[in-house]
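Letters A, B and C mark the chains as written, and numbering starts fresh at 1 in each.
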Amino acid sequence: MEFITDYVMFWQDEYQSIMTYTSEHLLISFVVIVLSILVTVPLAVYMTKMKNDKIKSLIFNIANIFQTIPTIALLAIMIPLLGIGFAPAVTALFLYALLPLLRNTYTGIKSIDPSIVEAAKGMGFTTMGRLFKIELPAALPYVMSGIRVTTVYIISWTTLAALIGAGGLGDLILAGIGYNDQYMIFTGTLLAIVIALLLDLAFGKLEKKYTNA
Amino acid sequence: MIELKGINKIYDDGFQALKDIDLTFEEGKINVLIGPSGCGKTTTMKLLNRLTDYTDGDILIDDQNMKQINPFELRRQMGYVIQNIGLFPHMSIFDNVATVPKLLKWNKHKIRERVDELLNMVNLDPETYRNRYPAELSGGQQQRIGVIRALAAEPSTILMDEPFSALDPISREQLQDELTKLQQEINKTIIFVTHDMDEAIKIADQIILMKDGEIVQKGAPQEILANPANEFVTEFIGEDRLENVLPSIQDMIQSDYPSISLNTTVEQSIQLLSRYQISDIPVVDENGAFNGIVNLFDLLNNKRTDLKTFIHDTLPTITENMDSHRLMQIFHEHKSTVYPIQTKEGNLAGVVERKQLVHLLHQFYMNKSGDSEWSS
Amino acid sequence: MKRFINSSVFALLIILLAACGTSASSEGGEVFEYGAQKNTDPKIMGQILKLLVEDQTDHEVNITEDMPASPQVMGGIDRGDFDFATLYSGEVYNNHFDEDQVEYSTDPEATLEQAQELFGERYDMKWYDSIGFINQYSIAVKEDFAADNNITTMTDLGEYANNMILGTDNSWIERDNDGYEGYQEAYGYSFEEARGMDVALMYEGIANDELDVVTAYTVDPQIIEYDLKILEDDQKFFPPYEASLVARNEVIDEYPEVADILDSLVGSISTEEMTQMMHEVDINKRDAAEVAKEFATEKGWIE
């Protein structure tokens, strides 16, 4: 019982800062998600049309390399270029999000039944008409599930933003570790999980809406 | 009418896919392109909506060179049905069927009417199916939609690329039946690709049999079955299928079957019929033209004296060069002991007797049930 | 079946023994466990301890590195996973004890005494007197900035603070007694902005002029490397973080030869010496074991 009253007290005391950490977290994640979708989805579409397999695997390899750079090293490289805080955090997370999103979207579009494309061609769609009226809408469920998975990743990765002064729930967790405050660790972790689950749920609903199974 | 003149297709690697193809697809007919895989049948079909291109030669569509037609326009004027159906999963049945009319910018009201009409045509209730999505339909239903989607903008030509081969045997049979029935209503020029000889025989007006980029034989199904051009054709059709081919009407005809002339009296006719021990006899006029049949029991049970009043002509006209399968159908629908056969000019050429046909069918189905070729 | 049970009991015993922290070494002695936080000074201390124990006794020391922070190391000691560690006196004010148990003070002796008493009792361990180096929070700016503006104390900085961006670790902003809030009260000024981040990146930040002022730890070699100046804590705001070795009582009672080594390390390494070693490891990227060995040889602790 004492634990519960203590924890309620903690929330009362820290409410303001918890809200700050949460909103920082949401903002960073949101910008990263939007940015990576804007870059990745058109790139993936373009790559599915690409004949040259070498360039394709080169792009995948580059995206893969970003994944393998240790976080601290990547952030350290970015300080001279982008400084401290929001910009390098978003950039680093963007680079990390690139591969899963690119791969998911690419395989998503690739997995459209080729007969759909052939039917559309044979029915007299122009190339652009086919892309926007048929191929992209048909790939949407796959693309959406790629975005959904990556979003959950990004929510969790955004805790790393705390390493470069961009705040977020990672700040709360790390502060808790350094300051020996279990409530902070617990709250930061819990909120990150809750946000990830809520977004997953929301995307699931959207996905269902666009998948007419 | 679509004409292919001296069409060659050579790939960059030097492989010649089509060799000097001369071909006419008859208007309002089902033209079936058939052959083993790699024979060029699909390539030939895809030339027509320019999904693939040819190296030299000419294709004329209603005497206009195809290359002068914008490919997107061309495709919108041709229906296209493919093997894997290719319905757009994100669109309702309505939107799928309405695809080409929308591309052609028909007005909404007209599109709506057209879609309902087409759904009714394949016995899918518009109220029920209009707003469903492809995934909610069975395979057979999906391909019905595939077919009516191709018909939507009333194209004069429809290309069908192995449209039924991915379906289960029952749906396949049903759709084949529906297609032949539908064709009687719509009378389109259909170019149909298949590798299934049974299917070709069942639906084709003209079969074009191809091998290694060349046309080996073309003609009506019975023609090809009756006179295979070479060993390859024989082999492709299958020995068994050839053995089981119904003999042509000419082979079945009994030209020495008796007949009587119009001015024979009733009395004489009865004597003649009882002498030959037959119940029906064809009647011809002085020029040999077929007039109908008289029946022995009719003559016996009535006191009329004029033979003409006994003549009945309820059987459909059967001519010498008619397909024997059609004869079977008449045999099934109209009961008679004899089936008079006429020449093109309407003279009596002879008859086919019912008991002879029964014997023939007995043989035919004995073979069929004992043979996997036929039952597959 | 019986045999199976026997061997599982045996396996279980091994696991339990291993979990007790000690197991047999190759030379017949024990294998002790040392837990190190992720900063470099506890790692070097571990290497020095390991060297001396393995040089002077039959025992061995196994070092587990990169525990997130001191509380996790203490948790390890509590469970018996670790036998030794390096801890800091100021940790006693770190949310471990209720306000009526511990009395906040910035006096080094009072702080050490409380740490020895309170932690010693709680974890049944001995908290030795200071090794000699101090690793506490301090405020540092670039040396040329300090020189140009004649800044030597934290009070001096007040004049410029509202135009300065502070980089700090992730917890300083949240700390009650010795955190940013207390600092603002004690010195009466705030910085334009205060951002928590990884300590390594914090130094990168000030080196690249992305930050103007940092909460440096007094032993960190980056202070020398990046020409930073530690300002004098003229208000005696920051509590002392004197480094001490700790050991489980059970171990030192049973192995007096090990206790002797631990005793010998009290007052043996100055802040400057530790900073120097950390410089070798963090900046010159040398192996901590090698640097420790060099130091111990120089001191004449080993041959």
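Heads up, the rule we're going with is that a contact is a pair of C-beta atoms (placed from the backbone, for glycine too) under 8 Å apart; a residue touches a chain by one contact, two chains touch by 3 or more.
Just so you know, these numbers come straight off a predicted model, no measurement behind them.
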item	value
Closest chain to the centre of mass proxy, which here is the mean CA position	A
Most distant chain from subunit B, judged by the mean position of its C-alpha atoms	C
Length of the line joining the C-alpha centres of subunit A and subunit B, rounded to whole Å	58
Whole-Å gap between the CA centroids of subunit A and subunit C	36
Centre-of-Cα separation between subunit C and subunit B, whole angstrom	92
Residue ranges of subunit B in contact with subunit A within the complex	49, 51, 72-76, 78, 80, 82-91, 99-100, 103, 133, 135-136, 146, 149, 159
Subunit A to subunit B touching residues, read off their complex	113, 115-126, 129, 134, 137-138, 140, 210, 212-213
Interface residues, subunit A side, partner subunit C - complex	17, 72, 75-76, 79-80, 83-85, 162-167, 170-172, 174-181, 184
Residue ranges of subunit C touching subunit A (in the complex, touch as defined)	68-72, 94-96, 165, 167, 169-175, 195-198, 200-201, 204-205, 208, 210-211
